[in-house]
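Common to both upcoming complexes is chain A, partnered first by chain B, then by chain C.
Moving on to the complex of A and B:
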């Protein structure tokens, strides 16, 4: 058992890909699997900043929203192809990350969380007010992508299983990128900043620049999740920009295990699956997840995946 | 712009001060808790919302505004005491992020609890009988209730100032914020002080909720935007500075109402832009000490 976990943490991208390839078959229906895939990516992007560098942002809904809206607007208003639309969404989120990060990294600690939350609300109001482009309160409707060609092969995007694998393709690229970042010297500096910012600075690392760079990378990954979500839902709800949405990324990371590679995905899967089950019994889902979340913060701060790893004494930070 | 007169500007300024009063109270509650416990209460907006619901409910049942004005903050204060004792206290010494995360989860629960108790539509807000209508303030007619709001806030702020600056308890609170170890050595039960300060902060949040209830719609989600707005006030004023909280609260209220006079579409945005400008020029806030934001 121990060596099994050792193996999958060593080959985390491969292991995740294999698992995700069979994932839709153990879920009750494909749309839920697609949702988990997208939110898993969102939480992973968030975890890059929070789990690995210790910056608790409450504004990451902004990047999910920017990705969704720009992809949606590109398709609805400018009739761009879906590939270009995704690139527009990701670049837009990265630019948003640059601006927000530039302002937010001037602060530290709890202050950082408050500032990112407030800056995220700016993005909310901008998209809320730009009604002619975004549909305002009603959200952006009609992001329809029915089918397209990949190298001449027609693909039916309405088939949920095919949709899942196309989205998985992007998620795997992003996961590989995240894994690559974490294994690079940059990843080591990130963890050094998390453990002791002053010491990292004293060692000669440019703390501010590293923070900004990781903020932008994290924003871009969340933006990709947003773009994919727009394609999946074919609408962009204005709620995707609310800070409660940022809180979802926070909750997923904590539930799964912050600072672990696969944890945020576990958190997303558990949370969305639970939501699917619980909402068939009661409409008071928010109270249920709020209580579960508080329970984890109090008693299992390492989260599900993090607790498993620490029980098996696997050091997953090095590889 | 036609029709823009000096009187209109003054009226809008008064409206801004009334709105800013609520912001100032909320930020003051956040600031008290933060200055003492180093905890940012992410459920502050939810406590505000609970205060508004309880206030309107008691007002409807008893018909007595003054009664509910006293009872509501007592109840939200007690809720704060329970929160600190059983939920926040186990997290001390485990990193500053954990109390923040916990109170965020708590806000979910409080929102849903109010939905269960009072329904998702919320309650119709009631203006108390004696404070209905408008009154001539020399330059025009201004809603009586908003004048009351400004006066009530001034009284509460004075009361808190008196508590902190002029009483023995205030001395302990101030000392505890500087060095809790020394205060402990001097024989003060610091845990009890933390408990009471958290309760006081939540009581003020509830009080601002009931005070604000006649001026806005009372629904379970009303605390969501107000939390972001009170963070803006805290950042502008400077974390941990009570004077900053009050001044920035009024400033943010005035900026909001002035922008809504000239560019109604940009009113919500304006206060966040104000915050961004403050962050660029003076990251520690108008009244914050440099380096005290870590």
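Moving on to the complex of A and C:
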């Protein structure tokens, strides 16, 4: 058992990919699997900043939203191809991350969280007010991608399973990138900053620049999640930008295990699956999930995945 | 006119530092020659730590200048100090507690190799790994290399602190009370380590324990109430009536 987990943490991208390849078959329906995939990626992007560098942002909904809206707008208003639309969404989120990060990294601790929250709300209102482009309160409708050709092979994007695997393709690329970042010298500096900023600076690392760089990378990955979500839902709801989405990223990371590679994904899967199951029993599903969340925070502060890894004594950073 | 060897490695010119209305440091001028080991002493509240922080780049002085090898470095950021070759250890242990002992030193050593490259694995950079291996041997922590740093004893963390300060191979090493909180045995080991370090590079240390300094340094600087009081050899300092009055007289 131990060596099994050792193996999957050593080949975490491959292991995650294999798991996610069969994932839709253990879920009740494909749309839920797609949703988990997208929010798993969102939480992983968020975790890069939160779990690995110790910066608690409450404004990451902004990047999910920017990615969604820019992809949606590219398709609806400018009739760009979906591939180009994803690139626009990711770059837009990265630029958003640059601006927001530039302003927010000047502050620390709770002030950082508050500044990101406030900036996230500003983004919300910008998109809310730009009704002609975004559809305002009603959201942006008609983000239609029905079918397309990949190397001459027709692909039916409306088939939920095919849609899942296409989205998985992008998620795997992002996971590979995240894994590379965490394995790299930059990944080591990120953890050093989380552990002790003073010492990291004394070792010759430009803390402010590193924070900004990671903020941008994190924003871009969350933007990709947003872009994929626009394609998945065919609409961009205004709640993409709601601060509750930022809160979800925090909860998913903590529930699954902050500062672990796959933890946020586990957190996203558990939360969204529970939401799906519990809503069929009671409309107070939030209360049930809240209790479960509190149980884990109190008794398993390392989260589900983090607890499994630490029980098996797998030291899983930068290896 | 002067040969290069006559340029001090570090020089403070009329350095002052105020926190609000409180003047922690006033008009301190002194210089440190390459290859020397100097101790800065003074009673509590003398401004030792403030002076140390100014010299090591934690914050800039409110007035005056800091020169490194004759070049003005006043106002440089902390990380820039490390990059030009000024490294420091902290009075309160600052290590990366969730990382292993080896990882701590490796990260500290990777500044030159790679700062922001994020597409290569850390394992592919042999330099920092070797540096970390060697330094752990040197400070006797090799047997703990894969331990989480937070689990180490205090004295071991202090030793790690020194290894991390050495990791970027600085030409000037500043140590803030390196033996703080150490047992007498650990203190002896640390003092011996500092003695060997001083053979390789310039070392400035702030220390509280007078007896240790006397046997270790050839030159001592005394601060009092944020001002320069005296400097000289241990004998001169011990015999200086001013110093005896404000400092030695206490003990």
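As a working rule, the second predicted complex is superposed on the first by the 319 of 319 C-alpha atoms of A that agree within 3 Å, B and C clash if a C-alpha of one lies under 4 Å from a C-alpha of the other, contacts with A are read in each partner's own complex, and residues count from 1 in each chain.
FYI, contacts are C-beta pairs under 8 Å (C-beta built on N, C-alpha and C of every residue); 3 or more make two chains touch, one makes a residue touch a chain.
Only a predicted model underlies this, so the values are computations on that prediction, with no experimental measurement involved.
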Report task. For A:297, decide between first (touching chain B), second (touching chain C), both and neither. Result -> first
Query raised in the report: So, A:107: does it touch chain B (first), chain C (second), both, or neither?
Result: first
Query - Touched partner set for A:287, first chain B, second chain C, both or neither - result: first
Requested in this report: With the two complexes superposed on chain A, say which partner A:129 touches: chain B (first), chain C (second), both, or neither.
Outcome: first
Query raised in the report: Of the partners chain B and chain C, which touch A:192 in the superposed model: first, second, both, neither?
Result: second
Report summary line: chain A contacts chain B in the complex at 56, 103, 106-111, 113-115, 117-119, 121-122, 125-126, 129, 242-244, 247, 250-251, 254, 284, 286-287, 289-291, 293-294, 297-298, 301
Query raised in the report: What does chain B use to touch chain A in their complex?
Result: 34, 38, 40, 87, 90-91, 94, 96-98, 100-102, 104-109, 111-113, 115-116, 224-225, 227-228, 231-232, 234-235, 239, 265-266, 268-269, 272-273, 275-276, 279-280, 283, 293-294
Query raised in the report: Can you list the chain C residues touching chain A in their complex?
Result: 56, 58, 77-79, 81-83, 87-88, 90, 94-100, 103, 106-108, 110-111, 113-123, 125, 146, 148, 164-165, 167-168
Query raised in the report: Which chain A residues qualify as touching chain C in the complex?
Result: 180-181, 183-189, 191-192, 194-196, 198-199, 201-207, 209-210, 213, 217, 315, 317-318
